[in-house]
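Both of the next two complexes hold chain A, though its partner changes from chain B to chain C.
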Partner chain A sequence: MRTGDFKQTYGELVTLVDSPPVWLWSALLVAGLIVAPFVLNSYVLSFLIIILITVVGALGLNILTGYTGLISLGHVGFLVTGAYAYAILVSKYQMHPLVGFLGAGLVPALASLIVGAPSLRLKGLYLAITTLAFSFIINTVILEARWLTNGARGISVQRPEIFGISFDSDAAFTYLCLGFAVLTLFATLNIRRSRVGRAFVAIRDNDTAARVMGINLHAYKLFAFVTSAFITGLAGALYGIYLSFVSVEGFPFLLSIEALAILIVGGLGSALGAVLGTILIVLLPEATRLVFSLFSAQIDAVFTTGAQELKSMLYGLVIILFLRFQPRGLVGAWHDLRRMWVNWPLRY
Partner chain B sequence: MQYFMQLLISGLAIGAIYGLIAMGFAVIYKSTGLVNFAQGEMTMITAYIAWTISTTVSGNVFVVALGAILAAVVLGLIIERVVMRPMLGEPVFATVMVTIGLAVILRSSINFIWDAYPHGLDVGFGRSIVRIGPIGVRTGQIAVIVTLLVLLAVIWAFFRYSKIGVAMRAVAADDRTALLMGISATRVHALAWAASSVIAGIGGVFFALSYDLSPAMFQLGLKAFPATILGGLDAVLGSGLGGLLIGITENLAGGYIGSGMKEVAGFAMIIVVLMVRPFGIFGERDIERV
Partner chain C sequence: MSDLLSVEHLSKSFGGLKAVADVSLTVTSGEICSVIGPNGAGKTTLFNMISGVLRPTGGRILFDGTDLATVSPSRFAAIGIGRTFQNLALFKHGTVVENILTGRHTHLRSNVLDAVIFFGRTRREEIEARERVEHIVEFLEIEHIRDAVVGTLSYGQQKRVELARALACEPKLLLLDEMVSGMNQEETEDIARFVLDIRDQLSITVLMIEHEMRIVMDISDRVHVLNFGRKIAEGTPAEVRRDPAVTEAYLGGHRSEPLAKVGA
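Our next item is the complex of A and B:
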């Protein structure tokens, strides 16, 4: 009788997926996503695009907060630098879009060195507030550097054309986002199972012990910052292209909180959790609107007038309820569900 | 020189408001080990309730003040009982995230309960101008500086001499030992939330007196962060003084460098200070033993 999931060699512990059916299901999912742009109407497709872009950003934050345990409240700062780096390189200086994407990763990565270096001595809440300070400072720098960023007027961005393939239509742009999302997913999964990823998790679990084991805390914390900022910057560039206009107002502070909400709802420190959390948080306002519109048109009217407020109230409520009743997030719930028959009558 | 003095006085006045809110942060941190990210929102709600009292019940200063303090106590107690107490014993990260969730909910609820337009809080006091030499100062600005100084003294005495104050320090230092000594941690937490809500609420009401009431007022909480970090998260008095420092820095930077600098002067300052002293100027150094 199978009583659990036992790993017998070290190789089994670090494999990408632990059972062959997962490959099959993942392949089916990717195939479904490739077909999706042909089938879906543009309204549903816009949600798919936002989910794919948000997945990239959430995976970026997951490296820093989920794996390494450094709480960042300033990730919107990296998002906005990435978007501006792309917009300035491509729209203003007519560079190749691929150069733009490279810049969108590298500029936030450099910025993360500036914010990461003073943060090495800080822990926990002090660090969270320093990153918060960073995101406000970035906004002011962007608004003040008018010669480069057009200040408050923002920069408009065209959908890119790479190697003769135009990503102008929504369907084509979905493929671009899908490509980035899949690449990021593989990158973070591989980081997690490598030496670097193990060092990150060791720092998160107990930094003193990690240091005793010979892990260079400063180097690995900075590496986590740089990687996380690089990926988040790419998400920022994609989001800027999607909005077709990059400005400071397009990246409100709420996005930082949304990103943390995604990680918590999904399950901290898990790539699958980041994906599940993104799907839930992005679709949550829409799902609630649908449910309420079934009941009465009056509530529907409240949604149209106070849509933004209701959306953020829902974030808040969902964060609190998840932390209270399902601290391990959707991934935890999924694990319990998967093992329900094995563990019955115990819950887990 | 006159320009400098003018900037200094208005910096002190806004700094006193930051200081009051920063003390709210520190009171909660000192007894529960949490940073309450909903502090700015709680401040804003207290100020809005004060405004509602002044327009519907009576515009008398004492009625409004008493009503606002009572409302702040009730708000603090409700939040502690309903939202925070179930999280007792959970990791700090989870509990702090709960306060962030709470902040988002409170912030959006303003637009539902009240509206999105700015309002002036008028209690027949605070907007008239007193001249000290060549400098014009609003009475509300003087009042808030005096209030901060009085509260600093009261809170110092409270933590130093009163039994409850000592109990709060005991819970902060080591909650398990405090429990064994017969101190009710939940009661101390409830008291801390109520006290913090009142102190920050006073700051909010003074802000509404001198400036205006608007749904953007929660940003006061973000501005008070640098103050409490500068003073040290666990130093109540230090946070109050940190507020004054931030207020002055911000105003001088805004007056001499540019208005863009005014917004971020405080944040830039804490990054520099934290590099030198990671636990704030007055904060207690956290010593780790392996």
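Our next item is the complex of A and C:
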């Protein structure tokens, strides 16, 4: 019987997950997601797709804001750059979709160097404002560079076909998003357990000590920016493909707030938190609508006409509630629950 | 024995305030050296310059024959300078092991791409780092708290974790800034024993700032005394104890009574 936590090799100490049940549950979850497109109707499936795409974006922001502690209000800028990079490469220049995805990562990564460099000396609110400005500058650049981006008219994007596999149907596209989400999850978890991730967290928790440990603050802040922007750009490309049309209006500023709300609700600095937060935040407006529509059809109508405004109010509300009652987010609640389960009937 | 660290006419001004003025001192390989002085004497500022947190405004620091002005501050750890902080500077959301692993930073090579894949060389070096950390955990006798989140530990334990993190850098010179402040008798004696072991078993030279005179007098080979940013005395603990300038710095005025009776 397993009575404690025993390790026999040092290798076991650096594994991603040291408990077989966790692997089992994760495998079951992935299996469930693979079956899902066959059983869900297209309405529910659209939420699954949005969740998977948002997970990629939230994990991207998590590297910068959650791990490294640099608050960004401009991540929608990286989303829209990624979406446009894909659209321009694939729709305009008929490149291979994989080249499109690579560009969707690399172009925002380059853009992040431009916004990241002056941000190296800025902290907290000042950095947040700089990134905010960046996202508006990106919008203006896209609207003005008509020869490349078609300006305000936008670019329409087809669902890709990669190596003969068409991702045209919603079910197939779900698999593509699932693939990206799983790979991103592994990538961020691996970063977190390596030298690079520890350096990010060290910068967040105490930058003076981090520097004395030999961490090059400028380089690692830029690494965080670049990695974060690369991943966020991929999410942007996926979102653009899903909308089948890339335009500045498709990526409102509210998405930046939504991403931050996801991290706060899920629990800052945790990949699991980013996933849980995404599920809650994506489903929240819909769940609220369902609850209210039980009472009156009029309220239902308000939800349809004022969707954006109600969304931003809801995000504000959950951010405030979580900061007040569960600052460690859903992942903190999950840890508390787990500890209660193990220690019951003792309190700790 | 050669000079590992040689500080020459070092100065640091903050506006009109001269925190450190024309301080020269040397630390020989294999020594335990102490820097003492009243509050505000410039001890921590001196440490901040040696560890690259602050740039000196005058003078120079030679470490192992290299002028530190030519080295980027983020490389100080790599060339062998490790330190602890007066007020804890741990990564408080991480576990003890994670904190110590962060100290291994300069000994690992993987970049962002390696980290994403986490296979082969990256995995091997992580395993090796983890093994090193385990040795340090054993050395400092913190096995029972290795998986605890640092923020939940007591002050004395956190200080010990900071020492562990500094050791993980494998420094040639270890700067300890008030290791035992706020510790009880037993914890202080533990730290004194560790400092001696660090020197004797790990061959690390130690330079420490300390207010606790018992530990200074008991384990240091040499003591440097600062007051108002200037060095006022240097010598063995016994010499410093008898020095009238030191007595004056600590007690003020001109008293004939030596420090010995107060400090002992």
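We take it that the second predicted complex is superposed on the first by the 325 of 348 C-alpha atoms of A that agree within 3 Å, B and C clash if a C-alpha of one lies under 4 Å from a C-alpha of the other, contacts with A are read in each partner's own complex, and residues count from 1 in each chain.
Methods note: contacts are C-beta pairs under 8 Å (C-beta built on N, C-alpha and C of every residue); 3 or more make two chains touch, one makes a residue touch a chain.
The shown structure was predicted, so the numbers you read here are calculated from the model rather than taken from an experiment.
A.B. asks: Looking at A:227 after the superposition, I want to know if it touches chain B, chain C, both of them or none. Which is it: first, second, both, neither?
C.D. replies: The second partner, chain C, only.
A.B. asks: Kindly classify A:208 by the partners it touches after superposition: chain B alone (first), chain C alone (second), both, or neither?
C.D. replies: So A:208 meets both chain B and chain C here.
A.B. asks: For A:93, select first, second, both or neither according to whether it touches chain B, chain C, the two together, or no partner.
C.D. replies: neither
A.B. asks: Now for A:137: first (chain B), second (chain C), both, or neither, which partner does it touch?
C.D. replies: So A:137 only meets chain B here.
A.B. asks: In the superposed arrangement, does A:309 touch chain B (first), chain C (second), both or neither?
C.D. replies: First partner only, chain B.
A.B. asks: If you stack the two complexes on chain A, which partner ends up touching A:23: first (chain B), second (chain C), both, or neither?
C.D. replies: It touches nothing on chain B or chain C.
A.B. asks: Could you look at A:198 and tell me whether it touches chain B, chain C, both or neither (first, second, both, neither)?
C.D. replies: A:198 sits against chain C, while chain B stays out of touch.
A.B. asks: What is the shared patch of chain A, the residues that chain B and chain C both contact?
C.D. replies: 208, 212
A.B. asks: Which chain C residues qualify as touching chain A in the complex?
C.D. replies: My answer: residues 51-53, 72-78, 82-83, 85, 89-94, 98, 101-106, 108-112, 114-118, 122-123, 125-131, 134, 165, 169.
A.B. asks: Once bound in the complex, which stretches of chain A touch chain C?
C.D. replies: Going by the criterion above, the answer is residues 10-11, 13-14, 187, 190-191, 193-199, 201-202, 205-206, 208-217, 219, 223, 226-227, 269.
A.B. asks: What residues of chain A sit close enough to touch chain B in their complex?
C.D. replies: The touching residues are 71, 118, 121-126, 128-130, 132-134, 136-137, 140, 143-144, 208, 212, 254, 257, 260-261, 264, 306, 308-310, 312-313, 315-320, 323-324, 327.
A.B. asks: For chain B, which residues count as touching chain A in their complex?
C.D. replies: Residues 35, 83, 86-87, 90, 92-98, 100-105, 107-109, 111-112, 222, 225-226, 229, 233, 258, 260-261, 263-264, 267-268, 270-271, 274-275, 278-279, 286, 288, 290.
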